[in-house]
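Next come two complexes, and both contain chain A; in the first it sits with chain B, in the second with chain C.
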Partner chain A sequence: MSPSSGRSSRRDFLKTALAAGAAGLAPRPASAAPKPALSPDRMGVLVDTTVCIGCRNCEWACKTAHALPTEPLKSYEDKSVFEKFRRPDDKALTVVNRFDAPKDAGTPHRWAKIQCMHCDRPACVSACIVGALSKSEDGSVLWSTRRCIGCRYCMVACPFQVPAFEYHKALEPSIRKCDFCHDRRRSGGLPACVESCPVEALTYGPREELIRVARARTKRYPQRYASHIYGESEVGGTSWLYLAGGDFADLRLPRLGPDPAPGVSESIQHGIFAYFIPPASLYGLLGLLMWISKNRPERGPHGPGE
Partner chain B sequence: MRPAPVQGKFLTPGVIALILLAANGLAVLAWRLLFGLGAVTNLTNEYPWGIWIGIDVAGGVALAAGGFTTAALGHVMHRERYHAVIRPALLTAMLGYTFVAIGVAVDVGRPYSMWHPLVMWNGNSALFEVGMCVMCYLHVLYIEFLPVVAERFIGRVDLPGLLAPLNAPVDRLLRALDRGLAKTMFVFIIAGVVLSTLHQSSLGTLMVIAGPKMHPLWQTPILPLLFLLSAISVGFPMVIVESMLASRSFGLKPEMDALSDLGRMAAPLLGIWLAFKLGDMFVRETFVHLAKLDKASLFFMAEVLIGIVVPLRMFLSPAVLESPPLLLAASALVVLGVALNRVNNFIVAYTPPFAAGSYVPSLGEVSVTVGFICLLALIYRAMVMIFPVISLPDRSLPVPARYRVRG
Partner chain C sequence: MTALLLALAAASVAWGAGPEARPSTAGAAGCRLCHTTDTPTKKDPALVPCPRYSMKKRHALGEAPETLTLGSPGGRYGPVRFPHKGHAAMAAMGEGCSACHHYDLARPIHGCGDCHSSTRARPDLDKPDLKAARHRLCVGCHAQWDPDETCASCHAGEQGAPAARAKGPRGASRTNLPERVTYRTPSAGGQVVTFRHDDHARRFGLPCAGCHRGRACRDCHGQGAPAGTERAAAPRGPARPGRSLEEAHQACSSCHKDDPCSRCHRDWPKGFEHRKTGLALDDTHASLQCADCHGAAGFSAPPACGSCHEGRSYPKDKPGKPVAGPSKRR
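Presenting the complex of A and B:
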């Protein structure tokens, strides 16, 4: 702006500033923040670790159902894999680990199958930059290859450290995690792991009902079970639930509070952006400041207030 | 004093070293694009983010803060005295953010899907917000730089051979653009400051969702505020560092007048950041973790001492403000400290529940990061030799330009 046209440029300034401010205040598109609809009939699985015998049939069934390479079922009888603690990865969406049993359990070992917990308030869904992850009505948290850009923020966010990434692919690397056998279930089937379990350590059903079943078991056999149902309240609740004979930390299930994992970050996020009012006000404030200081005489190099 | 292209030789031994390092980084980068992230990085399912996010992206955004802090000071508060440092800071921010965008693009697993966030929105995601703001700000920075391009070429458009008939129309276009921008530039300048405060703070929100996976010394709900305050604190010191390095490299006298005033403002800004950082530590009683003297506590103390306490004390001393080497040292400490802070937040503090080992960047990751920094320095050098960015004393200038633009 040339200094010669003080008044008219001031008017221009105000006009343009108002227009810019108004643009900032326009209502934001409704699609910006889809809230996952939590269906009351969402399904879940109850994992009873006091029943599991560590046969790893579920590992084999899961791989087979998801076209992942696997050794024949016979090789799963080899117990040496238990010497190392394993985590699910891009080649195994679920794994079973062996742990020392509590003292009076009458057995030296306990086993626990782990996979995505299918959280009710999933951190991965809240975090994903493009909304590639979503919580569906049947309880599963699903990943969409059509949207994913491979940023791996879901992995940073997940409190159970579940999503795995195909680091060795240059093209279309995927996020891999348990999909709760979404396709099988839609066509009326059971999750592959549940179907394959020979001792019914895995129970599939509506989550609400599973909690009732789990509570009944802990009440009926108080010596056999810890009273807590893992996943009922952890990070706002999960679709997969666990029963154990002792402390869940002994099965290396992370100790987590009842607050949903995305809670704090979402409220900060929406606080900063509340209908664009804070950014628009800042814009207005700076504009005002700029306008006021525009024609103010420059202070000397060592003037006051510097 | 007014901005003019710097004269001199482009190639010096130092520049050749930069070129070699940049070429090495680009070669590793080609490997990553051909064979995937796993082929060159040490990233795992436990540690999904490494130095490409911690340094190239988070560090890059923080250290480019000189752009919006000087714009706020020079344009919004109209302190004409600082105009000499605005253009260099603008150029650094523009190149810095360009490399941040490139850094993100090579870190994501599917670089060809980088456009997805434009049409696939998730308003709950801090990363989405950072991405959108950075993208908008990058455009604002390019627009803010346009007058410099116009100033360089108006009346001097000289296209080679067959394109020569276009000289007049291009010149007219530049003039129109320049006139239009002169009237509306303040819209972009304010937008740049607003966008910067937004994404500088949202960059802090990024790690909030990691919850207990982040060490309690760093995990706090006021992370966005701490990120914003540290970005504001590092803005002026970064401008001092780059201005001093540029003057030294081109054999010019450092602009001590403006620079020591910038240094004077750094102290209170650092003080505010320190107050919130320590206050947060006492409110959440995380100081108990300091006594452990483990990796986290040492990195935390290093960040506070190197980045805040020592330079804060230095900036308070008039002797430091008057002495070019001491002023450079104090500013460089803040720059190092804030870079360390970003590395701490994104890498050191990240403690996944099921970690078999810890993350140490691979040689390939380091090569790419170093390569990007060298490439940035090379482009900066070329740009200040082509465009009027750095202010030179009037008498060392050739014929005065016919056309002047406010910048």
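Presenting the complex of A and C:
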């Protein structure tokens, strides 16, 4: 048969292959992204750092609730731990740090508890290549043992540097971070830290309600509070919210913009595959170039020169 | 009390917050006392903010209950034996009952549990729960004057061991008062005033709040200097500046109406400089004559302290500060 018929059959094959590929691949990038539709009733915690007294009962309660080894509660009265800034790790999912208070605060110190912020648009979920991390409808960002391959991309991605890796375990090491007491809450309980706080510096409730409460507090006591609610807009919003008497940077809470942390990387990655139009166009273009160059040698070498 | 108000007081315990807008309590009790609308619903109760600083009546110290037991025995910490009357007596020097209680419209006085929920998981998140409301009040002061306070300072231990404070307060108690306080005043007729605190408080049995009014907790419970130590007995230096003559004398003149200034104001004799001997005398001794200490035996014999100070003797106890050698000049 004529060479044209062979060419057309190959083009048909390419077309079919591309169409099949597009059909098979196109939905996947969309499902890998964190679900933008969040429940309006999702829960959160409001941390009022002007109320916290640095008793560290929350640290003890957290370890107890998560079956992590801990010293007896009495040992938490030791104030020397405050001399160094601490971060949550695989042995302590939440820690309290001490800071100097603003000048006219009436007390020499302020304390701030840190743990996973449970972002509305979590960078760790976006970065995880196997879907081991997920944002659940009730607000918590959860990690699954079954899926994790230990790549630790989540640790790099987190804008708050929260996920921790069990480096000391040679076999089946886990990523450890606050799970917002998912199991306790599912059975109607409170997060362990919230339950143990003697002064209710941690208020647990629906995120929307907490923002209303926080705003009412800042409005009512403007001398006591900075007007900003940390976490309301940071990195697209977080489930844990903070109130402070001064600059949040003084409590070493990172300055972050309102854009979700995975925004840039996701827009690039998802943009490349959006509806499979860019790859389809690329392969189409390549196919076109091949088709053009395929025709050229037929005329070129046997041209007038020979 | 004209208004009868069943409070759903949205209390948020705050330190240092100034007085603020509160619901109008004028006239008969209506919906508007607690709600911002005349038609509150269960779903949207439209509550006004907590009526803080709404103590309308001055309550007498005698009305205060003696001791309260707070908390339940089931918790991680045992219950707290709260010496309510002791705190009320201290509060009487300052803000009074309203230092802690901020609402008394409906009944003589409200307990915390009347408004603050005893469960932490609750729909109304505007005010702290009962445990938090109590802790915020206690810790607000206790943590300020002693950063080393722990839970066990107030709470009984796990096996029913008594709290560290159960033996009594470490601060200014009736048994731990300054013996005498010496003031240096700007008065020309006698700069030194020695106030015999022990006599007034113990022998005459005067109540603390009789003189100490308008004082904050920290005035006595200073950070790092528990009352009863040197700080309490040390001379106060120049009396608080900026006070008028009347203000400065208010506490004394209510009893000492007709006394001449010289009853309290004393001074050292002109040209008298005891420091030349190598010992700068405390101002407390300004009113004494030389012979009161040095006696008939003259200046070569050791001075006698025993006539005023029981069990004290020179040179073991000194009536002042030793200074660098006798001055050769002058």
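Keep in mind that, in the parts below, the second predicted complex is superposed on the first by the 256 of 306 C-alpha atoms of A that agree within 3 Å, B and C clash if a C-alpha of one lies under 4 Å from a C-alpha of the other, contacts with A are read in each partner's own complex, and residues count from 1 in each chain.
Everything below uses one rule, namely that contacts are C-beta pairs under 8 Å (C-beta built on N, C-alpha and C of every residue); 3 or more make two chains touch, one makes a residue touch a chain.
Model, not experiment: these values are computed from the prediction.
Applying the stated contact rule after C-alpha superposition, one finds that A:190 touches chain C and leaves chain B untouched. Contact with chain C, but none with chain B, is seen for A:209 once the two complexes are overlaid on the shared chain.
In the superposition on chain A, A:169 makes contact with chain B only, not with chain C. Shared-chain residue A:128: touches chain B; no touch with chain C. Look at A:69: by the touch rule set out above, it reaches neither chain B nor chain C. In the superposition on chain A, contact of A:153 is made with chain B only, not with chain C. Of the two partner chains, chain B is the only one that A:286 touches; chain C does not reach it. For chain A, the partner with contacts to more residues, out of chain B and chain C, is B. Within the superposed three-chain model, A:40 lies out of touch with both chain B and chain C [touch as defined at top].
By the touch criterion stated above, A:199 is placed in contact with chain C alone, chain B being left untouched. Chain A residues in contact with chain B (one complex) as well as with chain C (other complex) do not exist.
Only residues 51, 53, 55, 73-74, 77, 79, 106-109, 189-190, 194-195, 197-200, 203-205, 209-210, 213, 216-217, 220-221, 223-224 of chain A touch chain C when the two sit together in their complex.
The residues of chain A lying in touch with chain B in their complex are 1-2, 9, 12-13, 16-17, 20, 28-29, 31-34, 85, 87, 89-90, 123, 126-132, 147-153, 155-157, 159-161, 163-170, 172-173, 252, 254, 256, 261-262, 264-266, 268-270, 272-273, 279, 282-283, 286-287, 289-290, 293-294, 296, 298, 301, 306.
Those residues of chain B that touch chain A in the shared complex are 33-39, 41, 43-46, 48-49, 72, 75-81, 104, 107-110, 113-114, 116-117, 120-129, 131, 182-184, 186-187, 189-191, 193-194, 197-198, 201-202, 205-213, 221, 224, 257, 261, 264-265, 350, 352-354, 406. The residues of chain C lying in touch with chain A in their complex are 12, 14-18, 20, 49, 76, 120-121, 125-126, 128-129, 131-132, 135-136, 139, 143-144, 147-148, 150-152.
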